[in-house]
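Given below, in the form of structure tokens, are the structures.
Shared between the two complexes below is chain A, which pairs with chain B and chain C, respectively.
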Partner chain A sequence: MSTRPGEQGRRDEAGPVKTRLNALLVAGLVVLLAGLVAYRSGYFNQIAITTMIFVILAASLNLITGTAGLLSLGHGAFFGVGAYAAALLSTKLGWPFWLTLPAAGAIAALVGAVVAVPTMRLTSIYFAVATLGIGEMIYVTLLNWVGVTRGPMGIRSIPGMEIFGLQGMVFNMAVTATLMLVALWLVHRLTHSYYGNSLRALREDDACADAMGIDVGRLKLQSFGMACCLAGVAGGLFAHTTGYISPESFRFGESILILSMIVVGGLGSIYGSIIGAVLLSVLPELLRDLGSYRMIAVGVVLFLSILFLPRGLVGEVSAIDLIRRQVKRDPNARRSAW
Partner chain B sequence: MTATPPPLLSLRQITRRFGGLTAVDSVSAEIDRGELVGLIGPNGAGKTTLFNLISGVTPPSSGEVAFEGRTLTGLRPFEVARLGVARTFQNLRIFPNMTVFDNVSVGAIRDCGLSDALFERSSARGRDISDVSTEMLAKVGLADLADELAANLSYGKRKMLEIARALAGRPKLLILDEPAAGLNDTETIALAQFIENLRAEGLTVLLVEHDMGLVMRVCSRVIVLAFGRKIADADPATVRQDPAVLDAYLGTGDA
Partner chain C sequence: MDPTVLLQQVVNGLSIGLVYALMAIGFTLIFGVLNVVNFAHGEVYTVGAFIGLLAITALQPPLWMVLGMVLLGGGIAGYVLERLAFRPFRRFRDEASIKSKAMREATLLSSLAVSIIVREALELKFSGEMQTIAQTYLLQTPIQLGPITITDGNLIIFGLSVASLGALQFVLYRTRIGLAIRAVSNNVLGAQFVGIDTGRAITATFVVGSMLGAIAGIMVGLYQGAIFPQMGFEPGVKAFVAMVMGGLSSIPGAVVCALILGVSESVATQFFSDGWKAIVSYSFLLLTLWFFPSGIFGSKKEKM
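Here is the complex of A and B:
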């Protein structure tokens, strides 16, 4: 038997081959970023940073949706909470970057946990609809709470990242890349562990997981809070690297874009999150000549992927299967067993 | 003389009503450590409801369930499971998109905190879960299939996987819900042997069965339910000749 203690016998376990592959990927990332820096194109650098931010968003959404089976349609809103938290703390209160970023994560996690408490008891598709509503509520708040968020005008002149006098595009890139790797490591540990197995059990059959001694409610809340925290950190990075944010960046469409990334890349897979995020961040940029029609490409890729690659590129469950089970399971019970 | 310890499981006048229907009607029973007890009854007798009352899925309308002298009233299913009551499901509920090994590990995880996830390689809990899962897989004869997806197993093997998952929690009481349903004769005989071995190792087992055959063969005591009431509670030979039981199973002549 190939199952070794601490490795869970997972098909994609972190054996020596995977470790070498990961080292190679990190080296490739460093070379690519160094190349972009040498090329001195602000445009390419910004795309690289945005892509890395989307990798964090996709990986965090994949933790709750792909692994724990909680279909969230409001992840973009928690990204927005983090972005606004960082922007407001730095422009209004003058907090330094090294404080605003963790604060963005903490505030997003807090908002996530507060809205999660009532919705966590909803199972399956009802939960998805609730997150859709929460996302819209957050968007409407950002849009209409003009006194604080400046509404549709957005927040300008957000200070860039700065720690000990270090700043600039290269620094932005290094910080974003580092935090992305930390986020990926975190999600990897949370999923490639017995903790991850208990999250998978929620996805597969939460009432059964309950009967097996898993505290379903606590796990849902915990994983949702952590995913929101990572989305908030991504929001903070976004605010400090672009210097300008407005509610439009955190609408429903953004949540769907992140969801499309993990469906195309593969639900429940970290490599899937990375591939999906890179593909759907870079593709619209390549098609910039098409104007706003370029977003159709995202839809086409999603459609083709569901049609021909039901599990995405490297996923562990098929998206259709996940949705179908969510709709079908417990037609009478709208609430989970706990 | 020390006081005798309370029985492992006791049902005290337990009743469950659903609207106007009384599914379980003031049933009292006790199960002692090391017993292999069968729970039988015709369709609609209340077996599944009684099962759900014990495992915490449904709260009783009145009466109480006590485990090791401690009431289970108000506890959620996961808390009942953590006290040492493990169960399997009548209609298989394995986790299809997880490997066989991962399926079994879920039964052992219990309360796996975040620190265990982040530093699992060095955590004793991680090793313990791994060890017990490996041991239980070997016990049910699925060790070779540890890395296979559970969805790819045959029906009989899935049944054994469910039992391994229940055993991975190192339960004090194992409740099997119709384990023989859907198994062929050879598989049923193997299952009977397996259950007898579990008892020989000291595990207390409650076997809920629709079919009398397996129960009569392996159980030391049989509880019979009909229309929500307990109509018999004795050794298999006595139960087999009880007129009330024959009545319930065969009808009173006008059925």
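Here is the complex of A and C:
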């Protein structure tokens, strides 16, 4: 074998059919967005951007909840940390957008890591409770630290995205779409690899994974930090595209909405989180005519999908399938994903 | 600081802590028998308050009758909740399926879905605003007690909570169904082997737990004069915190921790502004989880 293991792994993953399908999907996305731009409706464009932001959030939550099995009930709060970081850096310090966005990701990851260190040895329901508590603490802080966050009034007139004079709705969409694709690719690489398999081992039985020589604590910390970072970037995008944020957008309900997306779509599946995010952010808009029934519809969709589709719309690629596929494609591979 | 003010806050805190305790018992009972978290418990509290409100506006019955209706309604709510959100996901076939993560997570999310539906339906029917309650039913008549002032609401909450706790002890330790509930929470398979109808025991647990939650809802609604669709969220989370601090399946632990939470929140308003007081319970939660990962009163072996 002359190829280096890294390259070989990549070739194994992306079979020709899958690559073609993905290319088709990206092309479809571009056409759809171009169509929306041509249609010149601010309303539809805003929905498209919000949907793409939710795709990032769902994919990042899927990394920790779907793949690593850490049920997080506070993901919306890290989204909020990113949004507030971006908003404050650009309104108070005048940082340009290309600096605030990475900063938003970094700050959210940092906050995530700081709160995660002590909670890492907690498992299952205790971890869920801890993230719920942390999420609420962040919300209360955003709401009451009036001197910095302006409390319930929120932050107004956040400057839009701008690089080299490029700005406006089309540019917003392009940036959001690009970052969404990057985030999806990142999560895909993290989950469809040896790394992803060790995360799955963590989910199935972390004591057993520990005994097999997997560094459970480090792995949990890394995946949680990365998911928070992506949520922070999504928050930055949200702040810059809407121009106004307030604590109410980052409360428990938001975390639950993101969780519902990945449950409906399928825990552990990237296509699933895309479908779930699109479904649950577009559905309420489609049902706008029904007025206040739309949140009920979200609840009903969630309930029915748990009842009838326990694995979600798109099931997860299980570790054993992944190995089988690799062995089939390259029987002589010295390093399969064992 | 003025000691009478402190005493006043402690009294207020005790009555709110008792309400958290009633809620926490519902959580704890259900966690005990099924090992799952019931996220719709906060909505049971809201439903209790709204049943009371409807009874008051429609019939103007005496207070004890309102409470009776709330108890009945809460029991029915618990029964329906169990049928809808828990029974379809339960498969007690073997050891593995009882401890399965899948069941735990499915019911967690299904109860969440039910809670969203209930809350939104209430909001649709009654709008999100505070409801007007007939003045005569508000439990806000002040009573001077030495240097501190309490309201009749404090006394009624105190009395009713203690009575409910007593009734719970009676049900759990003096009746057949209570014996069944304790057996199921101890060991489901063992209970099945000795011929206990586990389905019935679990339903009974939901009914009892939801009755306590509903009664807590109407008492707080009348005491604070605020009944609205979102009211269940805060006490629900606080009760959840109390349950975790108490060690997930220990009822005395949950009650003690609920009282600690209530009093410390109430006293904290002396030091911080009102908005920050929620931080207190979450800090308690995190500190407990860091230093006592399985709760203050939890046994060591019950590690989830």
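Annotations for the structure displayed:
In this text, the second predicted complex is superposed on the first by the 298 of 338 C-alpha atoms of A that agree within 3 Å, B and C clash if a C-alpha of one lies under 4 Å from a C-alpha of the other, contacts with A are read in each partner's own complex, and residues count from 1 in each chain.
As a convention for this text, a contact is a pair of C-beta atoms (placed from the backbone, for glycine too) under 8 Å apart; a residue touches a chain by one contact, two chains touch by 3 or more.
Here the structure is a predicted model, which is why all the values come from computation and not from measurement.
Within the superposed three-chain model, A:140 lies in touch with chain C and out of touch with chain B [touch as defined at top]. Judged by the touch definition given at the top, the superposed model places A:252 against chain C, while chain B stays out of reach. With both structures placed on the common chain, the touch criterion links A:216 to chain B but leaves chain C unconnected. Of the two partner chains placed by superposition, only chain B is touched by A:194; chain C is not. Contacts of A:295 after superposition on the shared chain: chain C is touched, whereas chain B is not. In the superposition on chain A, A:126 makes contact with chain C only, while chain B stays out of contact range. Residue contacts after overlaying the shared chain place A:310 against chain C, while chain B stays out of touching range.
Comparing the two interfaces of chain A, the one with chain B and the one with chain C have no residue in common. The touching residues of chain A, when paired with chain C in their complex, are 69, 71, 118-119, 121-126, 128-130, 132-134, 136-137, 140-141, 143-144, 252, 256, 259-260, 263, 292-293, 295-296, 298-300, 302-303, 306-307, 310.
Put simply, chain C touches chain A in their complex at residues 37, 85, 88-89, 101-102, 104-106, 108-110, 112-114, 116-117, 120-121, 123-124, 233, 237, 240-241, 244, 248, 273, 275-276, 278-279, 282-283, 285-286, 289-290, 293-294, 303-304. Taken in their complex, chain A has these residues touching chain B: 1-6, 8-11, 186, 189-190, 193-198, 200-201, 203-205, 207-216, 222, 316-317, 337-338.
Only residues 55, 57, 76-78, 81-82, 86-87, 89, 93, 95-99, 101-102, 105-114, 116-118, 120-121, 125-127, 129-131, 133-134, 137, 143-144, 146-147, 165-166, 169 of chain B touch chain A when the two sit together in their complex.
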